[in-house]
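Structures follow.
Each of the next two complexes has subunit A plus one more chain, namely subunit B in the first and subunit C in the second.
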Partner chain A sequence: MADFSLSGAPHSVDDIQSSYMAQVQRRRLYGGLTLLIFVVLMVSGFNVADARNAGGFWDGLRRIFDYPADVLSEAWEKRADLPGLMAKYFPALVETLNIAAVSTLIGALGGLILSLLGTRGLAKWPRLIPVFRRTSDIMRAVPEIVIALMLIFVLGGGPVPAMIAIAIHTAGALGKMFSEVAENADLKPLEGLASTGATWAQRMWLGILPQVAPNYLSYALLRFEINIRASAILGFVGAGGLGYELRNAMAWGPGRFDEAAAIFILLFGTIVFFDQLSSRYRNRLTEGQGQ
Partner chain B sequence: MTSADLSFAKHQADTLFRRKRLIGFGVPAVILAYFAYIVFAFDLPGLAQRANLDNAVTLASDSWSHKVHVTRDNRSGAITYAFEGERKGTYPDGQRPDWVSGDEVITINLGAGHLVRYLPGNRTEIDVPGFPLIKVQAEGRSLTSNLPEDLPKWISASNRRIAVNTPEGRITLTGARSEVFKYFPGWELFWFTLDSPYHGQSLTQILFGAQIDPARGNITGALSDFWNNPMWRHKDVAWAIGETILMAFLGTMGAAMIALPLAFLAAKRFSPIMLLRGTTRRLFDFLRGVDALIWTVVLARAFGPGPLTGALAILITDTGTFGKIFSEALENVDQKQIEGVVSTGAKPLQRYRFGVIPQVVPVLLAQILYFLESNTRSATIIGAITGGGIGLMLTQAIQTQKDWEEVAYYITLIVVMVMFMDWASGWLRGKLIGRKD
Partner chain C sequence: MLTIDALTKRFGDKTAVDAANILVDKPAMIGIIGRSGAGKSTLLRMLNCLSEASSGTITFDGEEITGLRGAARRNWQSRCAMIFQQFNLVPRMDVVSNVLHGTLNRRSTFATMFNLYPQSDIHTAIEILDRLGIAEQAPKRAEALSGGQQQRVAIARALMQDPKIILADEPIASLDPMNAQVVMQSLRAIHEEDGRTVIANLHTLDTARRYCDRVIGMRDGRIVFDGTPTQLTTGVARDIYGAGADFSEAATSTEIETLDRPKREKAYA
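Right, the complex of A and B next:
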């Protein structure tokens, strides 16, 4: 009896060891192959990008600090003017922030409606759930610049095209995030409300919103941060605000670099400020929920 | 005692209710007031004047239809037939659309009884049902016509230019040239241009029929003519889409590779030196705060327009974002696994490799893949600014303000591209770290 187990055990340990080693080896092979494919993709991708770029990578790397240095040195020479220039561009900054704020508000409202209509268990018309989901997918997939440029053609330049474009994208993006939150909401309050004869809107307003509000607010704040950046970028293609002023200042070239520097500083300061502010509030919101 | 307690509780409840009521009315009121301010700040009442509804109509109709121009040069008398009036879409010599007839007198049949005749001596006749025959004579730079004083809304006329808009087509006459536009649904010459022998051939004929072009096989010839279509530039579009995806891929992956080691420096767990930690964190904040727009502008000066600039702009911005996310993930790793690895006598590097990395990889991969998708969208926008990829083609097409069918085509492709990247990153995420939940 003892003899049998003694002779059997080493054999099976060997077996296990060799099969383990084989598995480890196969794993390493796959891992190595994946890594190899990744490296090949990166290197060849880099080469293609480098070849299709107007200036080469290594050439440009040496000149990477030329422009910032020019701007900074000129701004330093005219540093006395900077506060005045910042005051001059402050209205443009306010416009950029307004675009971001309005589009976040409208987008959040749209996202809220899309998410409630597109979440299983909450939807008013369960059959139409895929419709609302695809709608928010498509709204999310269209880059803001596409809608902004087309609206600029129709409505003329200014903040409104940027606002609509960002709002549409925000509604799609928040619609998805909101609906992920709403999926985890407790449905019991809904049943309670339904038993009192509440309408769909009342059920959502009183049963679901109080549960999801902290998360929704936190996502909306995060979107606001993103939208400030987006609204600055859209300004660059003609939709008003700080980006538009930046493009004009850049077009003037040397001699007016102090204006570009003032705009850079305003934009940088604003983004950092609102990042900090919103991350503080978001932390508070999500912490409050954890307790 | 109890009554005092009760009144205190009631007082508290009252304050709470008052505050809730204040918020319940205050927040919507503030938002409404803000919207009212915006209406004036954005000059919404003035928008109605600035908005150009004609542009909207052009945009909407051009994006799904095309027009064929029949143009007579009044100086030389030469007549050209061209899709969208472009040289690339011109009919070869001796060919013309079948709704044009006649030699001495060119008759253009716009359909539904609408006829335009180009007569010798730079005369033009326009026959619209229910309206007297319009006769126009071009001389030098001016036009003389038999049009009455009070014109219907669809005709505008001066002695320099006469424009007639009918549901079947548009006619524009000036001293120098006479032009007729006839509209057709669909995207013109999408597969082959007129100079290709495969134009007008059906798919079955190309695939199974007799050889059309004696020099080339049907399928290779058709593919190459489609690929090199000068009107729609399928080759350039494919390259542009590739460039955009490349920008997103290089930028995201490069950022992740740079951010990972830096994130260790920024995480309290792994970086005991506070100065180093603080510096790294400020670096991340700086990279993120400067924003892709400024990076793009700065980098475009050094590297020139192209996909590399876009990739680098994404790379630099996302290094900041990834650094922050990664270091937060590293702060939250479970110490027990590292202790377990240490107990086997692992060296510091092995500790990271086997104790830390396996814990954070799912989080990192999920973030990287999410950013890959979102950066495809950013790459489109950055491409429009720095000049590369599909974003550039889109802005160029929009700026010409007439190739709306190309704009519609590019937008469709962009949406498909982004949705594909969304799906692909979700699929990869599922394969690599399993579905969530």
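Right, the complex of A and C next:
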């Protein structure tokens, strides 16, 4: 019963201890150096940024809360008007939501096509996989706001340029996520369908989509949440909806802060509502997958 | 030393452990046997405070364990080491770091984040590994080791805690017979040489018989047998497992010698 403690070690314990200690010292040295470099970079970077800042970070820090305080105090004085203002801006909210919904729908369709054409093992033209992958890279690399500014310049202000801009970005982003899901799909059903003489579209529709649908839906819902925020922001550059109204209210300055507050409340409430709704639905989609 | 009094654990309307009474007055090697779902694991988890008791008390050297919270509870956990069926090591960290995790209760979070263990602890860890015959594996990642070696790393982590009690939840259930033997011998040696109490859940009768001084049988959450291995007759074992007359010990055995035995067993089965 005592033989286990005697099982012949090729090295002595002292050797093992000293070589492990040497390894630990080396690791600590590297770790310490990394930490030092990180701290030096952070501090110097902060100083450079502070020096280039127009007002100076520390002076401005005190005033960060001045604006919200002004807005809140004015909104509180005119709190009786808030429900009326919220009703007034409700159509703008609907416009923002519509932009998000349409662009998510179109973007998801585009992403679906891009992902199927850009996934190894599924693609219709395997040689063109890099083309479709780079296309979706480029589509999600360009920020919505840049595309929107260009389109507004060409098409004029309004919800359509915003919708196109968000849809392009969504297609690129979802194309990437969808393709990661599709890579893990089981290929056996595809082979089965191919053996019956099915076309590529039939194979994808019947062999891949049923497998990946819960994940795809879940990602699309997540994207919808993101797009609500994006479409509100695009309003600032003249794309209509709630963001446009918010910019106007803020630009008017004191006196219209109650409108800004009403829009903030609407926007915040909507985002929270859709976040909760979609996270609940997404949970159900991913949990209920097995059944 | 260790007193368990009317310890009960309920999950909803199901009672996993039903008023268990155990008294351990001197260091011993205790095997707990019983079917899956008999409440063996739940009992050990309550001893380690991994799960809370619904009612009843655990007392160790006059200190009530069941009421402990926060730091006092973590301190008790450091004095009462646990070994798991699936080893529960950190797979991507090296073997010595895994063993050093046994000292976490004595170290600050900050020091452990940067892996700053004292040299004396590192030396102790490697000595413990040497005692278990796996010192050469010291710098390797835990995931690179075989199951038997990983379980010995887990035992080393437990020893690093320098505990009064070692709890082992099915320590050999996922090991082959040879490794199972090495692990059980290590646990036995720890009990004999260090005088630590070892309480092990075992799912094979002959292991309990061979290595333990005392066997506790559980069935449906109740303790139905508590005695020496010699008192554990085939009839009692059938009761514990709720088996019929066709039950034979060889059927659950993991011992290699069992291969020679079936003829004799069959003769009276």
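One rule holds for everything that comes next: the second predicted complex is superposed on the first by the 278 of 291 C-alpha atoms of A that agree within 3 Å, B and C clash if a C-alpha of one lies under 4 Å from a C-alpha of the other, contacts with A are read in each partner's own complex, and residues count from 1 in each chain.
Here, a contact is a pair of C-beta atoms (placed from the backbone, for glycine too) under 8 Å apart; a residue touches a chain by one contact, two chains touch by 3 or more.
None of the values given here were measured: they were computed from a predicted structure.
Peer 1: Can A:I129 be said to touch subunit B (first), subunit C (second), both, or neither?
Peer 2: neither
Peer 1: Answer with first, second, both or neither: which of subunit B and subunit C does A:L97 touch in the superposed model?
Peer 2: Neither partner.
Peer 1: Output check: A:L155 vs subunit B and subunit C. Expected answer is one of first, second, both, neither. What do you get?
Peer 2: first
Peer 1: Determine, under the contact definition given at the top, whether A:L174 touches first (subunit B), second (subunit C), both, or neither.
Peer 2: A:L174: touches no partner chain.
Peer 1: Scan A:G31 for contacts with subunit B and subunit C and give back first, second, both or neither.
Peer 2: second
Peer 1: Look at A:F57 in the shared chain and tell me whether it touches subunit B only, subunit C only, both, or neither; answer first, second, both or neither.
Peer 2: Once the two structures are laid over each other on A, A:F57 reaches subunit B alone.
Peer 1: First (subunit B), second (subunit C), both or neither: which does A:Q23 touch?
Peer 2: A:Q23 sits against subunit C, while subunit B stays out of touch.
Peer 1: Applying the document's contact rule, which stretches of subunit C touch subunit A when the two form their complex?
Peer 2: Its residues touching subunit A are 96, 114-116, 119, 122-123, 126-127, 130-133, 135-136, 138-139, 182, 185-186, 188-189, 192.
Peer 1: Okay, in this complex, where on subunit A does subunit C touch?
Peer 2: So the residues of subunit A in touch with subunit C come to 1-7, 9-11, 13, 16-17, 19-21, 23-24, 27-28, 31.
Peer 1: Can you name the residues of subunit A that touch subunit B in the complex?
Peer 2: 38, 41-42, 45-46, 48-50, 52-57, 60-61, 63-64, 66-68, 95, 98, 101-102, 105, 137-138, 141-146, 149-150, 153-156, 158-160, 163, 229, 232-233, 236-237, 243, 246, 250, 264, 267-268, 271-272, 275
Peer 1: With touch defined as at the start, can you tell me which subunit B residues reach subunit A in the complex?
Peer 2: Of all residues in subunit B, those touching subunit A are 31, 34-35, 38, 41-44, 47, 50-53, 55-56, 59, 239, 243, 246-247, 249-250, 253-254, 285, 288-294, 297-299, 301-309, 311, 377, 380-381, 384-385, 387-388, 391, 394-395, 398, 401, 407, 411, 414-415, 418-419, 422.
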